[in-house]
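Next, two complexes with subunit A in common: one pairs it with subunit B, the other with subunit C.
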Partner chain A sequence: MKNMTKEGKIGFQEALWLLVITTSTKLFFSSPTMAVKLVGTAEWYMTLVSAVVAAVGFIFIYLLLKRYPENNIMEIYNDVFGRFLGFILSFLLAAVLLIEAAVGIREFAEVQKVYVFPKTPITFIIGAFVAVAVILSFLGLEAVARYTKLVAFSLILAFVIIIILAFQHYQLHRLFPIYGYGLGKTIYHGAMRSSAYGEVIIVAIIAKSLHGAKEIKKLGFTSLLISEVLVLVAYLAFLLTFSYFFGRELTAPMYVMSSLINYGVFFQRTESIFLFIWNLTSLISGSVLLYMVLIVYCHMFRIKDKKPLIFPFAIILFSLSMIPRGIMDVISIYRQDLMQYGWIVFYIPPLIALITAIIRKKKGVVKSV
Partner chain B sequence: MAGIFKTFKELLSYKKPKEPEGGFELLEDENEGVEHENNQINWQKVEKKACSGDKNENITVIKPPLTVDEWNKTKKQESTSIQTVKNNMVASKLAVNIEFIKEKFNIPKNQDVIVREFNIAQKIEACLVFVDGMVDKTIINQFILPQLMNTESFKSFNGDCPVDYIVKNVISINQVTKTKEFERITTQILNGVTALFIDGCEECLLLESRGFEKRPVDKPQTETVVKGSQEAFNENLRTNLTLLRRTIKNEKLVTEIIPVGKMNKVNCAVVYLEGIANHTLIKEVERRLKNIDIDFIAGDGMLEQLIEDNSFMLFPQVISTERPDRTASFIMEGQVVIICEGTPFALALPITFFHLFHTSEDSMLRWQYGTFLRLIRCLGIVLAALLPGMYIALTLYHDEMIPTPLLMSIISAREDVPFPSIIEILMMEVAFELIREGGIRIPGVIGQTLGIIGALILGQAAVAAGHVSPALIIIVAVSGLGSFCIPNISLSLAIRIIRFIFIFLGASLGFYGISIGITIIGAIACNMKSFGVPFFSPVAPKTNANPDIVIRQPIWKQKMRPDYLNTPDRKRSGDNPIKWKNKRGEQ
Partner chain C sequence: MYRIAAFMLLGAVILISLTGCFDAVELNDVEHVSIIGIDRGVSDKWRITFQLPSTAGEGEKGGMGGGGQAGGGFSYKTLTIDAPSFFAGLEMANASIPRKLELSHTQLLVFSEELARSGMVGEFIAPIVRGGTIRFSSNVVISRGSAEEFVKSFKPFIGKTISREIADLMEQANESGYFTNLTLYDLYDCIKSTYHQPIAILGAVNKGENFKENGERWGTEFNIAGDYYAGDIPRKDGNETEILGLAIFDGDRMVGKLTGFESRLLSIAKGIFKRGIFTIQDPKSPDYIIPVDTRQARSPEFDILFEGTKPIIHLKIQIEGDILAIQSRINYEDPKLQPILQAAIERFIKDGLDRTINKTQELNCDVFKFGQKAVRHFGTIGEWEAYNWNSHYKEAEITTEVKFSIRRTGGLVESSQIIFSGEMNK
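Take a look at the complex of A and B:
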């Protein structure tokens, strides 16, 4: 069909930066604040625990995809669990991704409203965001992945510049007590918050657009590693800049951190650079999540063309993002719950599917040579 | 006195108007909306004229009576000839061919096409057909007619059809071709070739006699360089191809001529290097050119719009250059070049974004200088597209991000300005665009003067009147300078349009709006393809390419042809392009 949105094949680098940006966007919002509330000064290495757990979760996904080299996760669920259960699991995945996109958009809009547009109606900010997600969904995965790759280096460079410039405020003593609220608590929360890296499931959704199991393995682990390094560096910079009890009060600590930069009369307040990283990564992340929802949904109902579904899903996304009553709801309920329980949908069904496939000796059929 | 009286009388008395009311008016009639077949021939007229055989109606020729057999034979020959011509092939009977040509070229109404009838060696009837002005008269007068009319040249000829004999023994023209197809003959005549029809021969000779006026090879007008060749293409296709052949002295350089345009049949040369350019790409270019169904093509600009992948994209998908050296480098990379007759430009395809901001000088300069110039151009593109939008966003939404001294200076400068920032910047941008367009349309020195004086006076006066703040003049001027840095006119125009989009987005949603603009325009551009090649290759998607994208490394490091062109021969150079370094003292 000529007018269908293009999934096509995407290269390793494009897929890698797509995953890294979608995963690590959260750190620009309330994520560091919430983490510091849970584990105190141990926040920076708590994320290491999360990443390790996410890597273990990804191993299950990878092994499953290796067993089914020419299928995506939705097809695998259907094959392993049957059409009905597979449908439900795919639906759960789509729902969680949609909620994550909606929460991300609302969080972005709320933080924008707090720091940049106090008088602008939130519907306008969210509406503009959803409009971008719609346009990007019409363009397709290939275009979005390429665009992500194109801007990724500039974004990473800008991020590194801000981290380096904020050096003037770093105080090593703020990292202490090094164990935070206790090692046990850190490991527990770290493991529970492994959903912070749950976007790695995207690899399984777009598996057919990638180049085989070997690339999937490399892609998953590399994306987890890069995201982990970015989050760790950001958390470390945040902890070094703000004492943990002060950090708990900030809505968007990274933004505040960049606004504190001051190198003389002229070179100060670099949040303008930060704003661009923030905006661009959020726009990419929201659009990618919406597109992933579309892919999963279309597979569920065997719909070939995604285009007619883009607008309805955009409306659903807009409506969902308007549900939270305010910024506190978004941060303390929705985002928190997604972080705490997201892993149940991201890592557990692939694990069960893998075990079932091994027990029932099910394997994917390799059609192409 | 009488004259005054007459005028006075005419003023008072009624006089019937000489012309109908309103004068001439182009009104619709029964012919309007009726599509006429191109080259519609009145066959009855051709038949009648060819059969009558009366070449000169004023002279009565007394013919000897024919026997029934002879009469039948003549009639049969005539009807066969008419049938042959109807099939668009040359007939053996000259009169039929002449009448067909006359009908086809609208002779005698059309006075450009000359049909010169004569006898070869005082025996065989023949005629030359050519377009006056398109041919070199010396060739016809000195190398065709005298030799054909000379009986001495035909002493050893004793056959029916002298076509081969003429080619081998009589005419001293470098290029002579035989053809039977009228379609080809017509096209060639229109291209300045002389056609020779001979009675009793079913073939026509096409004699190379092109000799129309043309401009000499001049300096480039739009792609001037300090270092490098100072030659540019001109309007003559042959000259342009020669300029290319002179640069690429390779037997594999192929030139295919494809006429485009139903009515004006412009010759388009598809040039590529066999074994370097991808075959699928060549076929695709030919397919697109051959499937253009339009009556008139004025040049490469129109052709570009007809063969590009997506007409609704802001960015160009084909690159146009007037420099033979740059065109040659495109061909050597594996791209296909189209040179259109009548315009001093060559089109190269497929292209990527990075082709549009490279210049031929980049390779001529040492790599450090080339890289520096490219970085400056990159900065120019960013400033041209984003600076006014960013200024608006900063002043309207993010004033807390401006360092305090700068903010104070901007505020004090804007104190007396009665307009909002968006109106202020739009006024200046529109004025700048007007000056630019005016400067181009007004000829020569006046245009340049208008540009400088206009900008100076307008800026000065606007600031003095307090309508515009001086900071804004700087913003508009810097973004204007940025757009001048862009070497490709199409990209420059695209960036100028994008600038306005960013101004509106910056005014409506600050940096968030600009980010939205960057995302949408970026994603659309990433989705764009030029002849199957993604626009941001080799960066997005990442493919193998020489270190010559933004930062240019030394020439000897550029060993491969770009991956995205899928050229059969990937290597541009050996593993060690500067062997002399390892072979000191050797020859």
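Take a look at the complex of A and C:
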């Protein structure tokens, strides 16, 4: 019971799993495919580079939050840059998170259509997804976080089971040539794709629901570490199962990997376990991102009650997710751009805010002891 | 009040969503395809043969649940159609079959050798992989005759279900090593591979042509067991179809094949051999044979070096086995004589292995997967692809080393002589 929180606060475990699941959901879709296209067999350690760069980005966020122990990132932007610039930066953050949610939902729906529900209209799948996100948004952050913690362990267990069962197809030679398309390319793309861990910015959005700078630091780094381990293990499993020339063709490699598991007539078709992980993580991720957008938006316009905005934002989310023409647009344009350039919004403004705050000697006021 | 309304709303949502909606599939609406055969077509590009199970008596009794037909077993029907593409053929099949053909339980894809040799396998499997309807775990067989004939002849020999028959048949790869359990996943991975070249299971309809009812009785000559291609085993009765050996591909074009014996040696060299019985000539009394139950003792060791662009490969395999019979009754159980038998087995396996390696080098197809080790000498994909391992395999200088150890001698620890009467000895 030590993690039970006061009203408006969420515990460490809840926040941790919320961050981990929101961050690592991408690996179940086209993310491994796109990464192998860029760096080939070096994909598994490219993600280490991404995580290190993301950790550096988080250090800026943490130092900023430490300077403003009772504020969230939107309040800090307002204080450091003034209301107008702060509004713009918050808007940019909300916009990127909303686009990320929309792209995630569309990617989820497209892959579901390819492998599971070929006849179901895409609007129905997205509509059902958004409906769940609406319900979770009405329940609030605490409910979502508690639900995430509740399912996190079963999801991790299912993930580990899939990875272990897929062992029968692992071939070590598929990790060679070890430098992929070249070490330089690996480091470059690894650094650029640090946005894959950009969801760590959520810590700064919900900073006021957490328990101080020390917990924020622990939360950020632990979530990055766990997400990195999950992504690294998944990428390694993917590379060991599919050679670089094969893996680059697959729409949802982790799904295909789970469908390959075959231990005789009595144990096969384990993708049903994978579908369980897939659906729940996607739903949590999409809902969390929508809720984050609501928090930022409400702060921008000083709206106290989020509930009236849930349906309008759900409609915007639905509409945005319908914009891409097809799966290739989602994978090779929207998802790719988010991965390549998301860091500009996730890590750069906090860094500039930190430098500005230091130069202008600005600090947050501690109201309570 | 609100709670009741919310509860009713939730109930309504669950009722609607749990019906399966758009992708609901009723068992009565689909026909599962067990085997698909693909030949080059005459009226159109592809000749596709579907084998479909149907419940016996279903028609007469008006449904699967009716008339005490439970456990009545399955019968199998086939449909052959010429079509411009696989998916077109699938749709055109529904002009005569009132159920949608469902491929998620398809276990065997059979290509004719003629089609495989014309380099059309890749062209055919690309849309199948994209469609995702046939599972990657389906086995791929290259039929020496027409695929249509193979599919029509493939029937359950033991039991009544074809799915079980196929699963059990593929398990025999672990029992004999005369072929390898290869799937669509293996083929698709290998046809694009920069590390090695693909292989597929070789199958055929055995018409019993090699089985001679009458003739001169067999003397003391020695035949290597399993050194046949599918369809050539001298046998009669049993199942009409048989699976033995492997087809070798260069890219997606079939260029050669391995016998069952050669396939077993390939499995040993790749370290995937489970067990199998090698029958060798008795080294001291060549009129007799000694069968040895063999298994892999250790994973094979490869050493690969490069002299310029030429690969120098040394392959060391270590196997072990148990003596099953000593017809000559020479006491090979004696530790002093065991090295003689061990050396004979090593020679036998090494000769077979060298023969198999030479065969694949003549075809320039690295099916031994030496490239998987060679790749470690290259830092980047660019360097590796520029070298092009598959084009250099024929130049490789390959030496082999075989170590064999006798572990057990079965239920007998000594072979004593058979005693005849005086007249017999004379």
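The rule we apply is simple: the second predicted complex is superposed on the first by the 362 of 369 C-alpha atoms of A that agree within 3 Å, B and C clash if a C-alpha of one lies under 4 Å from a C-alpha of the other, contacts with A are read in each partner's own complex, and residues count from 1 in each chain.
Everything that follows uses one rule, which is that contacts are C-beta pairs under 8 Å (C-beta built on N, C-alpha and C of every residue); 3 or more make two chains touch, one makes a residue touch a chain.
Just so it is clear, the model here is predicted, and its values are computed rather than measured.
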First, second, both or neither for A:Y179, with subunit B first and subunit C second: second
Partner chain in contact with A:R67 - subunit B first, subunit C second, else both or neither: neither
Contacts of A:K217 with subunit B and subunit C, given as first, second, both or neither: neither
Touching partner for A:A128 - first (subunit B), second (subunit C), both, neither: both
Partner chain(s) touched by A:V114 [first = subunit B, second = subunit C, both, neither]: second
Touched partner set for A:K306, first subunit B, second subunit C, both or neither: neither
Touched partner set for A:T41, first subunit B, second subunit C, both or neither: second
First (subunit B), second (subunit C), both or neither touched by A:G140: first
Which superposed partner A:F245 touches (first subunit B, second subunit C, both, neither): second
Overlap of subunit C and subunit B interfaces on subunit A (superposed complexes): 116-117, 120, 124, 128, 265, 268
In the complex with subunit A, residue positions of subunit B that touch it: 394, 397-398, 400-401, 403-406, 509-516, 518-520, 522-527, 534, 536, 539-543
Residues of subunit A that touch subunit C when the two form their complex: 40-41, 114-121, 124, 128, 169, 171, 173, 176-182, 242-246, 256, 259-260, 262, 264-265, 268
Sites on subunit A touched by subunit B in the complex: 10-14, 112, 116-117, 120, 124-125, 128, 131-132, 135-136, 139-140, 142-144, 146-147, 149-151, 265-269, 271-272, 275-276, 279-280, 283-284, 287
Subunit A contact footprint on subunit C (complex, rising order): 17, 21-23, 132, 135-137, 163-164, 167, 171, 185, 188-189, 192-195, 369, 372-373, 375-376, 378-384
